[in-house]
Structure formats: C-alpha cells, structure tokens
Amino acid sequence: MQGQSQQQAYDRGITIFSPDGRLYQVEYAREAVKRGTASVGVRAEDGVVLAADKRARSRLMEPASIEKLHKADDHVGVASAGHVADARQLIDFARRQAQVNRLRYGEAVGIETLTKNITDHIQQYTQVGGARPFGVALIVGGIENGEPRLFETDPSGTPYEWQALSIGSDRSDLRDYLEAEYEEGISTDEALGLALDTLAQSNDGELSPEGVGVATITAEEGYTERSNDEIESILDDHDLLATEGDEGDDADTGEDADAGDDTDESDDES
Amino acid sequence: MQGQSQQQAYDRGITIFSPDGRLYQVEYAREAVKRGTASVGVRAEDGVVLAADKRARSRLMEPASIEKLHKADDHVGVASAGHVADARQLIDFARRQAQVNRLRYGEAVGIETLTKNITDHIQQYTQVGGARPFGVALIVGGIENGEPRLFETDPSGTPYEWQALSIGSDRSDLRDYLEAEYEEGISTDEALGLALDTLAQSNDGELSPEGVGVATITAEEGYTERSNDEIESILDDHDLLATEGDEGDDADTGEDADAGDDTDESDDES
Amino acid sequence: MQGQSQQQAYDRGITIFSPDGRLYQVEYAREAVKRGTASVGVRAEDGVVLAADKRARSRLMEPASIEKLHKADDHVGVASAGHVADARQLIDFARRQAQVNRLRYGEAVGIETLTKNITDHIQQYTQVGGARPFGVALIVGGIENGEPRLFETDPSGTPYEWQALSIGSDRSDLRDYLEAEYEEGISTDEALGLALDTLAQSNDGELSPEGVGVATITAEEGYTERSNDEIESILDDHDLLATEGDEGDDADTGEDADAGDDTDESDDES
Amino acid sequence: MQGQSQQQAYDRGITIFSPDGRLYQVEYAREAVKRGTASVGVRAEDGVVLAADKRARSRLMEPASIEKLHKADDHVGVASAGHVADARQLIDFARRQAQVNRLRYGEAVGIETLTKNITDHIQQYTQVGGARPFGVALIVGGIENGEPRLFETDPSGTPYEWQALSIGSDRSDLRDYLEAEYEEGISTDEALGLALDTLAQSNDGELSPEGVGVATITAEEGYTERSNDEIESILDDHDLLATEGDEGDDADTGEDADAGDDTDESDDES
Amino acid sequence: MQGQSQQQAYDRGITIFSPDGRLYQVEYAREAVKRGTASVGVRAEDGVVLAADKRARSRLMEPASIEKLHKADDHVGVASAGHVADARQLIDFARRQAQVNRLRYGEAVGIETLTKNITDHIQQYTQVGGARPFGVALIVGGIENGEPRLFETDPSGTPYEWQALSIGSDRSDLRDYLEAEYEEGISTDEALGLALDTLAQSNDGELSPEGVGVATITAEEGYTERSNDEIESILDDHDLLATEGDEGDDADTGEDADAGDDTDESDDES
Amino acid sequence: MQGQSQQQAYDRGITIFSPDGRLYQVEYAREAVKRGTASVGVRAEDGVVLAADKRARSRLMEPASIEKLHKADDHVGVASAGHVADARQLIDFARRQAQVNRLRYGEAVGIETLTKNITDHIQQYTQVGGARPFGVALIVGGIENGEPRLFETDPSGTPYEWQALSIGSDRSDLRDYLEAEYEEGISTDEALGLALDTLAQSNDGELSPEGVGVATITAEEGYTERSNDEIESILDDHDLLATEGDEGDDADTGEDADAGDDTDESDDES
Amino acid sequence: MQGQSQQQAYDRGITIFSPDGRLYQVEYAREAVKRGTASVGVRAEDGVVLAADKRARSRLMEPASIEKLHKADDHVGVASAGHVADARQLIDFARRQAQVNRLRYGEAVGIETLTKNITDHIQQYTQVGGARPFGVALIVGGIENGEPRLFETDPSGTPYEWQALSIGSDRSDLRDYLEAEYEEGISTDEALGLALDTLAQSNDGELSPEGVGVATITAEEGYTERSNDEIESILDDHDLLATEGDEGDDADTGEDADAGDDTDESDDES
C-alpha cells in the first residue's frame, strides 16, 4: 500500500498502473458510482426485479425524467447508478447491440452476451488513452431461454452474475441486507418486496411512490415499469410508505438531491 | 471532500476523475452558466413560456442581438444561460437534428428526443479528450403530441424534465420563488406573468421591455417571440415595469453588463 | 474571484475552465485586441461608416499596406483591431462565405448571417484543443435588404449588433464618447464626422489623412474607401486636421507604432 | 538499482526506459497480476490440467460468473490471473486467432503459435504510446499434434513453456510446491490432483467445490470443465474438501474477496 | 507588462496568449531574425533593389552558397534574414505559388498577392499547435503592372509595404539611416547606392564584393543578380570598398560568422 | 558531461537530444540489453556459430521456450540479448524481410542487407515520438555468396560487422576474452568451442547442456540448432561440462533467473 | 545570452524558440555531430576527395562495417559524422532522390539540387513537432556538369558550399589546418594528400590504413573507394603511416572507440 503523496503521482492518467498494480482512475470512477443514489436488482424464480431510488431535487422536477431504469430490449432492463450522462451512453450502446443481434441472428440477445458486450466497451475506456472511464455501474437483468439472469457491470469493465445486488450509495449496507434476507426460489412478487425493502434501508425505512422506480422483467410480460399507484400499493403492503411530510425531507437530506444550487455538489448523479 | 491543494491536482483535464469521483471541469462549466444572466421556463396547461434577462451593456447595443431565446423548430424554443458562443453551437445542433427528423420520419421531432440528442452531444465533450465541455445550460420547451414539455440540459449532458425552472445567475433564489409560486394547470398567460415575475426577483422587482425577452410555444401558434410593446404591456399589468431612469442603472449594475471594457470580466455570458 | 497564483494554473490551455467558470485564453486574446489601434463603426440612416486608426510606424511604410479596412463583398465592409495576421484569416473566411452564398443562393449574403458564420468559426478555436483563439475583433458593417446593419465579433465568438461601437485601444473611452454623441437617424455624412471625431479622441483630438482610413457602405454605392483628399477635407471640416509636425509625433507616441525595433513591443497589432 | 525518488521519475509512462534499462509500467502490471487469485496449470502425459481459485466475494454472486477458465478452441484452454476485464480482451483475441487459423489453413491452431500471437499482441501495448500494458497473465494449455503443451504469457509479452506453473497471488510459494511435487509422465488424473493440491496451499490446505474451477484438455475429449460434483469428489479423494463453515471464512480472508465495499480495494482482479 | 517569472509561464507554447495578449513564441522568432545578418530593400522609380550582407565564416566557404537573395519568379526577388533553412521553405513556397499562378491564370503573379500568400502560410504556423513559427523575415520585391513594389513578411505573418526597409541585425539603426536618406523618385542606380550605403552602416562603413549580394528587379530586365565585378565597381564609386585586410576582420567580427566552431553560437542564421 | 540533476531533465523523452548531444533513452535501452543473459557469435572460415546462455528460472520451465536463438531464413540465424518480447518483434520483422526478398527477387536475402533492414527499422523508433526504442541487441549471422558474415544490431539502429562478438551481460569481459583467443581462419568446429568457452567465462567456467543453446550456419547445412547430446559432447570435449549439482546453482545465481517471484527483478530479459 | 536555469526552460522541445531566438535542440544535435569522429572533404580541380576516420573499437570488428563513406550515385559520394543510424536514413533518402531524378528527367541529379533536397528534409524535423532533429552532418561531394562540387549539410537543414571542410570532432582545428594549407587548383591526388594530412591532425599525425576511409569522385571514374593498399601507399608517401603498435593505441584513445562497454559513452557515433 502506498502513502498519500505517492498515490497522487499515479492517479492522473488512466493509462498507467501504480507501483502496486492499481488503476486509480478506475477506482475513482467507482467513487462516482457511490455518489449516485442506490439501485437494487433481485432475481426471482420467474423473473427479475429492478428498483431504484429516484428522489427529485425539487418538487418542480418531473420524477419521470430522473433516469435510473431503462428498457434495453423487450426482455432486458437496466438500472444504473452514478454519472447519468455516462449511463445514457451505455444504455444506447446496449440498445444498439440488442437490435443488431435481432437483425443479424433473428433472435433476442442473451443477457450474458449483452452484458459482456457492454463490459468490453467499458474496458476500452480504461486501457487506451484520450478518454476517461465510464463513471457508472449498471444492473442488467432479463430473461434468457426462459430463465431470469441478473448481471452487474462496473467501471473496470468486469461482468459479474448475481442472485441479488445493489449498486450506488450505501452499497455495502444494502448488500449485507440482501445477503441476510435473500432466499433462492422466491417469486417475482416477493422479490419486488425485498428490492423495495432493501432500498428503504438507506431512507429511514420509508419510501414515497414518486421517489422510487420499479421494473420487472418476466418471460410472460417482458420489461414492465410499475405505475406510481402500483408502487404505492406495494409500499403500503410492506409498511414502507412515507408520510406526506417525509417526502420533502427526503429530498433535502439526500446527498445529491440538490446539487444544482450554490453548494458545490454536482447534480448529474442520481 | 478534498482540501484545496488536492482539488487543484484533478481539475486540469477534462478526462480524469478526482479521488472522490468528481469531474471538476464539468463543475467549473456550471460556474460559467451561473455567470450568465438568468433564463426562466414555465410549463402551462396549454403551452410553454420562456423568458430571459437580456439587459444590454450599452445603450448603443441592439437588444435583438443579445441571443437568449432561439426558435429551434416551429414547435420548439430554447433559452440559454452561460457562454453565448457555446450556446449558438448547441442551438445549431438542435436545429439540424429537428430538420433531420422531419426529413427522415416526416414529422416534428419530439421534445424529449431532441433534448436527449443535445445532451448526448454534450456528454461526448466531457468524456473524450481534446476539448472542453460546453459552458452553457439550455431550457428546451415545446409541444409534443399536443402536450407542453419543458426540459433542461446542463454541462454534464444530463437531461431533466421540469414544470418550471430557471438557469443562470441567482438560480437558487429564482427556483425557490418558482417552487413557492408555481401551480399546476395554470394558463399560458398566467405562466407568462410568473416567468417575468421570477426574472424580476434578481432585478429589484423591475424589468424594462428592452431588457427582457419572452417567447411562448403553444399548439396553436407554435414558437412566438413577443414584441417590446406586448412585453411592456404585460410588465405593466404585473407592476414590474421599470421607470426610464432605472433602465440605465440596470445596465450598469448588471454583473456582466459591460465586460468588454477595461475591467477583467468576460462579456460572452448573458 | 481567484488569487493570482491560482489564476495562473488555469490559463495555459484553451480547453479548460477555471474554477469560477472562465476561459482565460479567450480573455487574454481580448487583451491582444486592446493592443491594436482603434477602429470605429457608426450606423447611419442610409449607410454604415467604418473608420480606423492607420498611423504608420515609419515614414517609409506605405500607409495603404496597413490593413484595417477590408471589403468583404460589394455590400459588406470589415474593420479590424488586434493581431493583423489573424484578421486576414477571418477576412478571407468572410469573403469565401460571401462568395459561396452568391453561388449557392444567387443573392448577396445577409450581414447577420455572415457575422454568425464568422463567430461560429471563431468559437471552434475556443473549444477544441490544438489551437489558440483568434486575437482579433472585427466590425462587420453592410446593407441587408436596403437596411444598414452593424455587428461586432469578439475572440469568444459572440456576435453583437450595435448602432455605433469601437474596438481596439481606448475602447472604453471611445464608447463613452459614442454613447454621448450618437443620435439615431443621422445621415452617413454625419456618421462619418462622428466616426472620425471619436477616433480623434485617442489622438489628442487630431488626425492626419495618412494616419486614418475611412470606408462607407451604402445601398447606392456599396463599399467605398475614401481617398486621402476626401479624408483631409472631412477632417478639415471637423477641425480635426493635424498639422504637419504633429503627424511625426503621432507615429512616435503611438503604443504599437514602432514595435519592430529593439524595443520589446510586437508590431503585428494594429 | 535506483533510489526511490529517481525510480518515480521513470515509471509514469509506458514508453520510456529507466536509466538501468527497466520498463516500470510493465513491472507494475505484474503487480496487478499478483493481486489476482491464483491459477495453476499442470501438463500430464496425455493432457493438460487448469485449475483456478474462484472464491466469490458474496454468497449472492454466481460462482460461474467469476471468469478464470476459458475455452479458446476445442483443444485449447486458458486460465487467467489479474485484471479480469483485460483478460477478457486477450481471450477474445485468442479465440479470433484460433478461428482465423481454422478458416485460413483448415486446421486447429498450434498451442505455441497461438501463445505467440497473444504475446506479440501484448508486446505492442508495452512499446507504443497511448495505452497501458495488459494487467493480466495467462496460462495457455492444449493439445498440439497429439502432444500436451503448456505456456505462460506475462505482461511484458514474453511466452514461456512449462511442465507445471502457477500465476497470480502466492506465485512463488505455489511454484516451490510444484517444483517439489511434480513428476514427468503423470496421468491427467494425477495432474488434476496435483493442481488442486497446489491451489489449496494458499487456502489453508482446503478448497470448496464452489470456490475452485477445474478444466482438462485431452486429445480425446478436448477442453472440458468439471462439474461441481466432480470437483467435490476429487477434493474429497485428496482430503482437500473444506467444511461448510470454512467456505464462508475463505471468502472473507481472500485478499480481493470483497473489494467492492467501502474499503479501497479494487474488485476487478481474480 | 509582466514580470520575468510570469513571462516564462506563457512563452513555451505557440498556441497560447499571455495575460497581456502577446504571443511570445512569435516575438522570440523575431529575435531569430535579428540574429541573422542584415538585408536591405529599396524601391526606385523604375525598379527595386535588394542587398544583403553575405560575409562568409571561412575563406574556404563558397560565397555563392550563402543564400540571402533568391529569384522567386522572373519579376520577383526575395531577400531574407534569420534562420536559413526556414527561409528556404518559404522561398520554395513562394516559387510554387508563382508557378501555380502562371499555370492557372496565364500571367505573372502580383507582388502583393504573392506576399499575402506567404504571410497566410506563416500565420498558420502561429495559431495551430504542433509546430513552431518560421524564424525568418523576407523582403519581397518585384514589378507588378509595370510598377515596382516592395513588401516585408515577419514571423507573425503580417504583410507590410515599404518604400525602403531593412531586416535582420541592426535593423533599427539601418532604418533610421534609410528614413534620413531615402527620397522618392530616385533611380534604380541611386537606390543601389543607397542600399549598399545602408548595409555598410553595420560594417564600419565598408563592404567587400564577396561579402555582399545585390539584385535588381526592373520591368526591362526582371530579376538580375550583380556580379562581383559590378559590385566592386559600385562599392568603389560610393567609397565603400573594404581593403584586403579588412575583409578577414569582417569575417571574424561578424556576430554569426563562425558559429560552427566550439563556441556556442549557431551558424544557421544569416 | 552533465551533473546528475541535469541528466534527469533530458532522459524522459526519446525524441530529444541532451545539451551534449546524447540520446539518453537509447543509452538506457542498452542497459536493458546488458540485463539479459549473454549471447556469443563467432565467424569461422566456413560458417558462423551462435551460442547463447539459456539457463531456466525453474526446473519446470521448458528450456526450449527460452528464446535466444532464432532461424530467420534457411541461411540466416539470429541470437538475441535483452527484452525477449522486443526481440520477437525484430525476428518476425527479419523473417518477413527475408520472405519478401525471396518473392521479389527470387533469391536469398544478403546478410548485410537484412541487417540494415533491421537497423533502419530500429532507428525509426529512436527518432519519431510516441514509442520507446527496442530494448534488445541481435547477432545476425549467415552465409552470403558462400561467405560467412556476422553482424550486430544495437538499440540505436547502428549495424556493425564482427569476426566475433558477444552481447548481453558481461559483454566487456567476454569481448576481452574473444579478442585474446580469436584467430582468423578457424574452422566452424573450432569456432563452436571458442563460443562455448567464451560463454562459460560468466558461468564459473562451466555450462550445462540444458542451459546453453548452440546453432551453426554453414553453406552446406544452413541453419542448424545442435541437440542437447551434441552440446553435452562438445562441452565435455572442452572440459566445460557442469556437474549435476552445479546446474541448479546456476539457475539461482543467474541475475534474471527467477524474476517472476516476489523480488523486484523483471523476468523478461534473458 | 541566457543564464543556465533559463536555458533549461527552452531546450526541451524542438518546436519552440528561446527568448533570444535560438533553437536549442538543433544546437544540441550539433553536439551529437561533434561526438562523432572526423570526416574531411577537399575539392580539387578535377574531382572531390572524401576522407574519414574509421578506427574500430575492437580488433574483431570488421572495419568495412564502420559506415562513414557512402556512394549516393555514380557521381556522388557522401561522408558523415555523428549519429550513424541517422546518417543511414539521410543516405537512403539521398539515394532515392538520385534515382527519382534519373527516372523522371533521364539524367544524373545535380550535386546542389541533391544537397538541397536533403537539407529541406532535415529542416522539416526541426519545425514540426513529434520528432527530434537528425544528429548528423554530411559532406556531399560530386561532379555536376563536369565540375567538382562540395557541400555540407548540418542539423538545422542549412546547405553550404565549400572548397574544403571538415565535420565531426576537432572540427575547429581541422578547419584551421585546411584554411592554412588549401590552395585552389590542386589536383585530386594533391587533395587526397591534404585530406589525409588534415585527418591525421587529430591522430598525433599518424593514421593506419584500416583506420581511415578514402573516396574520390572524378568525372572519369565517378565514385571510387580506395583499397587499404592504396591508402597505405599514400599514407607512406605523406609520412603519415602509423606503426603497428600505434594502431592499437589509436583504438583505445579514440573518444567513441569503445562505447559498448561499461563506460557511459555511446557507441553509435563515428
């Protein structure tokens, strides 16, 4: 391990290793991911659930424009955490890959194949000079040959498959919660409850329907984003529903909730 | 959070992250936006209102040449704040995108689609080396399928949808004002009053017709810039009309009103 | 606002913002403009007048070779201040744009269109790496649809329209003079007197015919440079004519009058 | 040998030699290899065995997604240690080379030829500027003309042929063990036992079936990855089977087992 | 004006302005011009005279190989001062431009047009990165429409027209001499005497035929270099002829006369 | 000669000279050559002998994979010292050049021509930016028009012809030995003995058959690598044969024999 | 003139001028030339003589491989001093130019034309970034229209014509000798004696036939290198022949005679 002054000498350029074999720019990009609000993915027996913290920084902002959940193809959804504009680039890349696969092979792209297309793309930005790495992590979930699959991409370009995971702020706590609570073979509905429960851990145990996004991907229905009413009903069922007054507080206490003001926080991470 | 000397080490190049995951050049570009005079956007039930502070730095300058409001297509208007020359590049990009859409699909481009085309373009300048980010924020407003839509683009390349927003100087105060005063379902005329009222907050509560620009976008009339007479009449109605003597003062007190002189202020932000 | 040592850290490269959102290289290019001798533009009811300080640094230099006034097209004139070689590039660019317009659309290019073509070209040099900004400002004047128009381009690439303006050295004083003396609706002849009067403010109130260039652009006669005799006559009418002895003094007292000598002043700004 | 301050002067760029003729970036990339979990290769009389430490950092992570063993062609397997995303690039390169060979010459690529294709590719990244070296080492094993062959590639791009070797963490200890225990002429089954025995040296002498990957390449069966059941049975035979409780401990004690948390360890090396 | 330490910060790269708007690399290139031996140009009523200091650094060097005077076309001559190899590039450029003009338009290129072609070429090297400016100044003289014309190009790329001028070492003194002695309407023969007289000012009032080059360009005879005998006769007529012994001294006292030795002076400027 | 702090200023980039006219990167690349184990070349009357120190760093490494001797064409052999991966690039380049020669001219390439092709290739990497020089020296030996020829290439790209030479570690001592012992007109068999004798100088006067490689190139037999048995027999004849126990010691004492361990020595030079 | 610390600031990049107008990298390249052994050129009435110091650094090195004299075409010879690998690039360039001239114009290239082709090529490497200048000087001699011509090229890209000159080490002393001894109109044989005499000045007045190379270019015989026997006979005639014992000393005392050893001298300059 290096002292601080030495570390500084090796973290300015993406294309160099530090003496102990680390790529600091990639590690700093992981910090950008942690600055974003959390997203959670849970694999159920018959589908995949994606849930994301979407609290707005102002009551005038349209919650729908806070992009945390994305449909990549009929059978593939993606949740992101970190630099929003970077996420959009990777989502677009994923969509094009999915389309190309349909055109070239006449069938839906595999979830693993798609994930690895994305991570290979990410890796290029960590090895070749002239660009910075992507400051975003993705949860890629979908149905492949009838089976639910759930993957993670990180700023180094490494693909991992998970039963359940979280990315973004409070990642470590949320994963502890998931490791304790997750059980194999749960239904999509149960997974949906677990995902919201997990997300609520970093919100004092409560969520408002407008402050959260939820999508399920099943073999029957493909990618489906849930309406505010559905979310409210689920939150109520799980005793996670925030009271009116809480919602405003959430927006103020969130780390990157109001970054566009005179404070020096960036507002492009959510 | 970093100390000052450490921050300096990571903000020289656009393509690197700081150890806490921040892109300083993008954050500095946001400061360029704050150095520009304010623009306001308000979404009404039947249209969108854009208003901009256009105070000239000299009585000899043609107010019409202070470019803060732009027609991007028949049904789309854009207001800007920050580096004027950068704004022109993005407006031109937006216009070409709108034309291409008409040619390729035979229909008007969607407001959201257009906004995301712009933000993807902006994002490229924050990741790939050899250029600086755009030092400008835009309000993109228009009619899509009969519905008014109102978006913001920031220097990171993130798109947000708003009911009402402000960009440029005094952004935080003006947003507080909008959050307090805005109500859903207001008419375009009411929105017009609110927009000017908000803009006047950073001008001692008064505006001169020559120092402000106003445009509305409605399904019926598309993008329409209001004449000085119309603006004067509206200002008068809202008790916002500056007296003759005030106008000259405004020009002198404005932060970037006279940047071309021997002072060291830049004059390309308005 | 930054302290001096911090400022130095952000002004070496064109492609980066300072922490307070400024582009120092563009601001330094404005200083190059101020190092050049003054040019003045005045819009009259029926035409535009351009006048420029052309004092030579030696009696052996041909005054005609001091390029401050340029014909861009039959109906468009350009006056410059700052780095002469840079000005030539922009003038050539303007001429090609005017020719292309005639060839493509069969008509004369609009003054506003031409100005914005130029400023867009200038902006590119402030955002993309590998080049410095243009160290020159231009006054673009001409007739568009029978109406006189008068524009300014600055090193940031921002276009402004004026009734009357000055660029180059003593800009602030000359503009004060113009703001005090200019009246709308004056004739081209009156504008010509005002332009020379303004220029004389930075020359002890006197000008010699050889040390000044004057051009008018009217709908009837297009771009016309005035002969020395005409200029002498106008100067005499306005009591601005320098005595023989004064002329030589002017050449010595001028800031950039003799930069090619062993002094360390550059001689390429006028 | 250089003092520390001098060393620092030569290790920032890949394209320069230090005064004593070393390429520090390549040496640092070797450190990245050592940060990854171990892989072992053993050549038997009739085949090659590859074994890899695949301990997951969370019970929710799918062990199958920890990529340490790869099929490059029917008759070629590759085990990796170090930066996972870099390994994927080299594996893809190897697969394309194998396919090209089949298409161009109508026969399977030779193991030595393939290895040298890979190392030449690696070398380019150590000599030409604008990129960093690959932070990964590979074990390439396969059948060539009926004979088992076993090669190593390192970050400098040097190919070596081995009878048995290990790469990644604890390399030095594991090689000592192999040198002591390996005997020429052993069968593939014996080699399989030796490989797991070696791997267990850095795991307190025990392995869990989920935490290890095993592949054999023989002339008859080509590349074959062993199932968890087979691995469990072999581990049991060799008295290497970890008890249930041990498995969880392993995951915690592993150096790079939980790098995604709030600690500052990277999680992309395995 | 900047202090010394600050100046140093802005003069390393050609593509940046200093805070007071200067391009230091261009100014340093002017110093390279001053390091070269002097050249003089004088415009007469019926022709142009070019004269250059060509003292050799050794008696074994062929005077003819000291390139100070160049024929660019039948009717155009060029004298240079500064970096010899750079001068050759610009002369070649000028010759190609002259040939292209003949081929394209069937007529001789204008002196002003040719000069501006050269200065535009020079300007490119002062704005775009990756190259240094040309370290040479040129005197371009010739006949255009029967009229003699005389121009100067400097390292900034600015064209000037003169009646008489000098470039290179002692420029300031020689120009003072020319300003005092030059009279309009002199004949080419008189101009020839003045040119040599001026050149002799920086040589103790004496010149040797081998140490000076003279060319005239007239409408009748075009570009003509004078033979040593002619030069000797003219020098004799003007009482400028050096005695034998003086010539050797000249070679030793010349600033750049013997730069190839163990001294640290460069020998490529003349 | 420079002081140490000054030297450091000039040795960072390959493309610049130091004030005393040296290219430090090329000199550092020569150090990389010295870090490699020795190779020896001896020219006999009827052939050329190449011998190389090939001691392995582990008993499990296949000696055949330690690449020190290469067949470039039927009649050309190459021995290398220094960076192995760089050597492979140059050998491949040499092979392609030999093939091209056969295809284009229908005959075997000349040894001198081939060597100069290689050195020209090497020189490019020392003058043009963006790459480091090759860290390897080669001995190129072969038969040209029936005559044996023996050349050296070094990192500067200079070709030398020798009667006998050594490259790599202990170069100076081995050359002294060769200069003392070599006699013109010796047979290939005698040369073979001398080559091994020389190599043994840096190994306590002993060699093991596995730790050395030998090749001869003669007009009759072309390039031929000798088998271990032949080498053992020759070593025995010359009383150079190491005892069993010595061999293991050699491997440990060799400078770069075990560089892959936790020591900080690089293992890519041999 | 600059102090030492200031000089250091301007000599790192080839593309910038120092404040006093110097190109330090070009001057440092001249130092590389001085580090090479001397070459001499003498122009006679009927031919040109080239002579070069070729002392080998080892008795085993083939003197013929020390490249100081080169045939560029039938009628053109080149002698070099400085960086050998750089010289090879320029010689190859010269040969291609000579061939192109024959193909394109059907005649032998002129000596002056060829020299200027070379110097223009050299100049490019001093102005455009990304490469260093050539560290070599050339003497180009030959017959043009029956007349002997003798030129020099230096690292700045300046061509000079000489009656007699020397390049490389001891240049200043050898030129003094030539200036004192050279007489116009001498025969080629006399010139040959003078060339060797001059070369012997830096060798204690003695030369060995193996340590020197001599070539003559005459109209009748073109380029001819002299055999060792001829050289020995000439040396004997001029009383310059070294005794046997001296020859070995020469090799040791030569500055760059043994640079491949553990000393820090480079061996690629001769």
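We just call them A, B, C, D, E, F and G in the order they show up, numbering each chain from 1.
Everything that follows uses one rule, which is that a contact is a pair of C-beta atoms (placed from the backbone, for glycine too) under 8 Å apart; a residue touches a chain by one contact, two chains touch by 3 or more.
All of these numbers come straight from a predicted model, not from anything done at the bench.
Trainee: So which chains count as neighbours of both chain D and chain F?
Mentor: Under the touch definition, chain D and chain F have no mutual neighbours whatsoever.
Trainee: Pick same or different for copies chain F and chain G, depending on whether their interface residues overlap by over half.
Mentor: different
Trainee: Counting only Cα atoms for the centres, state how far chain C is from chain D in Å.
Mentor: Spacing between the chain centres: roughly 69 Å.
Trainee: What whole-Å value do you get for the distance between chain E and chain G if each is reduced to the mean of its CA atoms?
Mentor: The mean C-alpha positions of chain E and chain G differ by 31 Å.
Trainee: How far is the middle of chain C from the middle of chain G, if each middle is the mean of its Cα atoms, in Å?
Mentor: 55
Trainee: Chain G: which residues touch two or more other chains?
Mentor: As it turns out, chain G has residues touching two or more other chains at 13-14, 30, 129-130.
Trainee: For this assembly, give the contact graph shape among line, ring, star, complete and other.
Mentor: ring
Trainee: How does the ring run, chain by chain, when chain B comes first and chain C comes next?
Mentor: The ring, traversed starting at chain B in the chain C direction, is B, C, E, G, F, D, A.
Trainee: Which residues of chain F touch chain D in the complex?
Mentor: Touching chain D: residues 8, 11-14, 24-25, 28-35, 58-62, 64-67, 82-86, 88-89, 92, 125, 129-135, 260-262, 264, 266-268 of chain F.
Trainee: Residues of chain G touching chain E in their complex?
Mentor: Within the complex, chain G contacts chain E at residues 6, 9-10, 13-23, 26-27, 30, 116, 119-120, 122-123, 126-130, 151, 154, 156-165, 171-172, 175, 178-179, 182.
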